[in-house]
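Okay, so chain A shows up in both of these, paired with chain B first and chain C after.
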Partner chain A sequence: MLSRASVRAFSSSSVAAIKVSTRDAPSSTLSTLSVVVNNAGSKSGKSGVAHLLSKFNFLNTETKSALRFTRESELLGGVFSTNVTRDAIVLNTQFLKEDLPYYVEALGNVLAKPSFRPYEFPETVLPVAKAEYDVASSDTTFTALESLHALSFRKGYGQPLYYDGARPVSLEEIKQFADDVYTSSNVSVFGSGVNEADLQSFISQSAFSSLKEGSSSSSSAPASFVGKESRVRSSGKSVAIIGVPVKASEFSTYELLSTSIGSSALASSASPLASLPGAATSKLLKYQDAGLFYVAVSDADPSVVASSIKAAKKILTSVTASDLTKSVKSTKLSLALQSTFESPLDIKVEASPKADFSFKAASFNYVAVGDIDVLPYADEL
Partner chain B sequence: MLRSTAAVRSASKIVGRRTISTGVTGQTKYTTLSNGVTIATETNPFAKTSTVGAYIQGGSRSEHPYNNGVSALTAELLASSKAEAGVLVSAESTHETNAILAQSTNEDVLEAAKTISGIISNATANLESGDFSKARSTISSKIAAIEANETSKVLSHLNATAFQGYSLGLPINGTVDSINDIELQDSLRFTDKHLVGENTVIAASGNFDHDKLVDALEASLKVPSGFKPAVKPASFLGSEIRMRDDTLPKAWISIAAQGEGLNSPAYYVAKVASAVSGNFYDKSAIAKFQSSKLSSIVQEYHIVDKYTSYSTSYSDTGLFGFHAEISNIYQIDDLTHFFLKEWNRLSISVTDAEIARAKNQVKTELLASLNSSNAIASDIGNKVLLAGSRQSVKEALSKIDAISTKDVKAWAQVALWDQDVVVAGTGQIEDLFDYMTIRNGMAMMRW
Partner chain C sequence: MASITSIVKTADFILSRPTLSKIITPIAKTFVSYAGYREMGLKFNDLLLEETPIMQKAISRLPADESYARNYRFITAHQLSLSHQLLPESKAVKPEEDTNYLVPYILEAEKEAFEKAELDSIVITK
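And then the complex of A and B:
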């Protein structure tokens, strides 16, 4: 079964419309099994509902109580977690190789047989979601990025990542959302260190097979907006962010731009941004249908942020085509570091890129969070 | 021991062709160069990137209070001395080792090797031409970041008080006072003594060919031959350090007993014992379902926000303890009481089911920690330097499998029962009991 030929057996096939990708190595003893539910991220549905639904994952199902699943899983040494992204709800499990059937069954039950007990909502889901939101928003960079998304995309990717409690979401709405998104056409299963035939057969025997088909909604590039500005008074570190919504076809150019000025995916003290006072960095956030490139500066001292964001803007505008060409190799490394088995990046880096960026005030979005008395306005950059 | 003759070297070439190993269970391959440098690699077909790292035994344990931080500063300066397109160079320092890591795509692994050779072979010139004050400010901000985070601050001071009077107690990056007194001469003296053949290991992980890497390094790597400097002694002393600060919102405390060294036969026994209480986070969805006895007690009375159990190991000693973050500041004594009773129970009445669970959890944790080419290279480099060799993951797993409840009890009766502890805390720790009360909790009047 575990022949050498099966090393690097990447495959993609479908049982009941579920996409399954596996890779296997005969000597590995640890397996990871992840389920990505596409079109179920915070861009879909009412704001916050995806986050709340994700917190119901691994709680009681029709076949097993949360207590029993947690304890059984701990006894097997397995680890499980779930999180929401802007595109998807992701469930991750890690376990010793022999426990594959157990986790296939468990993940299938989470998606196909959730029980949504009414008491779980106020007792577990709401406080846990609230705590996650509180931890995230205690970081002013997170607040600034949320605001930048809202400016750049308004709906969809512009919706808050987490449930913020501003408008209540009812249990009925969560159930309805689960019914809409937990469908076989949305679900992709990624197994690392597992045998493909085994996984396929376990999936067909599990609750995965009872997922209804659903309609696979075709995704299209969302509308994006530039030239907007937002300023949020807040305690904590001051942050200033310049952001540009990016089309999926421009990912490679903006990755090159990010690498050449200093990317947080490739932290190096030699980059132009790293030489600025305060923490200055750039990144291209890559989603399914669009991206968001940003340059962020943060520091406890707002005057440092004010001067560094102006300097960062200068660095941005002075990038030339030859700078981009020079960073081709590093960009390949950066993409290799960002690419994972569960979310592979398939971006071709051009060998001779063009630097046709525009960073005039009307062509980017700008967010200032913190001491906004001191932080500059977009047109002052 | 790790030295292989030319015959062995060619044997490893033949083996190399057909070795298929993943990052988690692969066999480490060794080659020793004529100047004494050991090259240890592990290949992984899934790796997206490769890491080549130069590891030297040194770290803050090789320092004294007046040049504390010199090894971390030197590693930082060396790492920033060379930039190559497509190669990400970084420095990594621990209490006992320093490393310079070069990460690249699998295709560029020879470039990464070249970068490492360039940095190491011309260390003196690189140090002299490097930006010393920039490296110093990088280290200074690392020191500030550790002190600004209550958890890392408590753990750093806990280590300092546990090994007080010995160099193992010194902080990795030095102190604000010591770092500002270090000059280039100190760095040069450090590399003269520590960057020598016997004391250097090149560890690499990723998807590449061992022999090609060895050939590239053999041609370019120049390290003066020399012997490993003697490792300074260290001794655990039961003691405490309190950094009470009532302006902080919570209490952060850590208590530890002396743990096991990397080469100790009880290394994994301590890890398993530590996993019995495991970790707990009050705000997680599964907090109320967790198996450990302690987690059910603490969540019922809400006496802790978060705790982690650890068993950290140095070459010849270690720390076995827990760290806790507490907002219910009037019940710190309850938490310490219940935690120490759990440790008592390890000597007396820990159950087979608990040990079975802990063993599986330690296994997954071990495998999952080797999740990047940097992590695997560091595991190889540090283990080869500090333990003499790196056992394969298979060996490690079989050692964990062999642990019985009896072994854990026998270990706990010697290592924990009625043993001295170190205590550190910051924040609102008025309610953290005095040393003798905590120390008395390490045993019970009844059995």
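And then the complex of A and C:
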């Protein structure tokens, strides 16, 4: 009796550590299962290691080869993908409702029993990672944002999102990183179109239950830096970005600012930024511990970018409290549009906001990418 | 051609039977000494036919030092062949050095190839 009770207590506690959220859709035949591994994004560990680890997902595990999983998944009609963000590694699967146990098992094996065959690294992982990096960095806006992150946060969120190959990462480092981050305290499972009780029982039977506990590292607000400037000579479109690192407590204020001048999350042709020549947008990137507000202008013609970024700077400095009050409702809509089941946004928008922003040269970061002979310097804005 | 997997299976079977291995092992040792590849500075795994996709994959997966040693043995053998010489007994590959360094990689590559062939011809019955 005593021993049975202790066994039961153990199994329930080890599963309880994995956060499971579900929403059922009884009429739908489609299920979506996402696994978010927090603290495993590119902000953690050595630069690039998280990206490489994410490319190891859905490769060979101890129980099943990558090829077999792919073919079986094709036969079941499911799709799977994995990507890395600055905060987390995300694994997504989509399948017909009756195949839930198969995918719970597969996702559990990916996290708990990866085999990390040495040949997979040069044969599969590195080419895919390099291709992804090449595609992303062919876009000058991506390069500019990477540079802006590096200026604003230096470490953590400032680390490159993808593996750039500048400093080699060994397979041992990837294994060690996987060992550190693939723990039950980091893993959250989001199931949509699935029955919660079913999902819980499948998870407790799958390899998820063999994930080790891990230490839940308490995240703190990272150090941020302003007043820096970076200029990158590059081919392609010219981009100029004004960015401000934002604390998590200031999200609502900067979201209001973004909506009032023209947010890319809620595009409107009437917004001040939309009237500028060149593609001018603003956005607040919301991460777990910090955010990054930016206004970006990009165009093939650098002189257009130069004039537009100066105009955008004027728009930023001229925002008044009444402008913000006017856009309270649309900000709420914008936040609702950006909120997803996997990453719900819980941001309260104040009804009477204050416009206490300062956009002097020392209080923002500035990145110019492209034809930097023509693009202005931060103190010329 | 028999796959390396089936050869390894047969060898394991022979070694698992004491009587059988008592008969076969001396014959194998005699064969190896007459084959003479050790006097050319080679290991048995160097002699395996490498012009197949599976072998190419296995060889490409060798660690850098193993791959270097393999190529060095080939160069030694070529040089000996050109000069019509054999290595003196002290320099010849010793039986304990004649390891199956390549076989694990071949087995893995064959396993993948067999699985691929199996999945390619899969029939769904339901």
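The criterion applied here is as follows: the second predicted complex is superposed on the first by the 366 of 381 C-alpha atoms of A that agree within 3 Å, B and C clash if a C-alpha of one lies under 4 Å from a C-alpha of the other, contacts with A are read in each partner's own complex, and residues count from 1 in each chain.
Just so it is clear, contacts are C-beta pairs under 8 Å (C-beta built on N, C-alpha and C of every residue); 3 or more make two chains touch, one makes a residue touch a chain.
Owing to the predicted nature of the structure, the values given are computational and were not obtained by experimental measurement.
> Would you check which partner chain A:Gly193 touches, where first means chain B only, second means chain C only, and both and neither mean what they say?
first
> On chain A, which partner's contacts cover more residues, chain B's or chain C's?
The partner that reaches more residues of chain A in the superposed model: B.
> Using the touch definition from the top, say if A:Pro118 reaches chain B (first), chain C (second), both or neither.
The second partner, chain C, only.
> Touch check for A:Leu67: first (chain B), second (chain C), both, or neither?
After superposing on A, A:Leu67 lies in contact with both chain B and chain C.
> For A:Leu75, select first, second, both or neither according to whether it touches chain B, chain C, the two together, or no partner.
both
> So, A:Lys332: does it touch chain B (first), chain C (second), both, or neither?
first
> Would you check which partner chain A:Phe95 touches, where first means chain B only, second means chain C only, and both and neither mean what they say?
In the superposed model, A:Phe95 contacts chain B only, not chain C.
> Touching A:Ser268 in the superposition: chain B (first), chain C (second), both, neither?
Once the two structures are laid over each other on A, A:Ser268 reaches chain B alone.
> Applying the touch criterion given at the start, work out whether A:Leu30 contacts chain B, chain C, both or neither, answering first, second, both or neither.
first
> Need the overlap of the two footprints on chain A, from chain B and from chain C, as residue ranges.
Looking at chain A, the two contact sets intersect at 67, 71, 75.
> Give the list of chain A residues in touch with chain B in this complex.
Where chain A meets chain B, its residues are 4, 7-8, 23, 25-30, 55, 58-59, 66-67, 69-71, 74-79, 94-96, 124-125, 127-128, 131-132, 192-193, 266-270, 326-330, 332-333, 336-337, 339, 341.
> State the interface residues of chain A toward chain C in the complex, per the touch definition above.
65, 67-68, 71, 75, 117-119, 123
> Residues of chain C touching chain A in their complex?
For this pair, the touching residues of chain C are 60-61, 108, 112, 115-116, 119, 122, 124.
> Show which residues of chain B lie in contact with chain A when the two form their complex.
20-22, 24-26, 45-46, 48-49, 80, 83, 85-90, 103-106, 108, 134, 138, 283-286, 288-291, 353, 356-357, 359-364, 367-368, 393-394, 397
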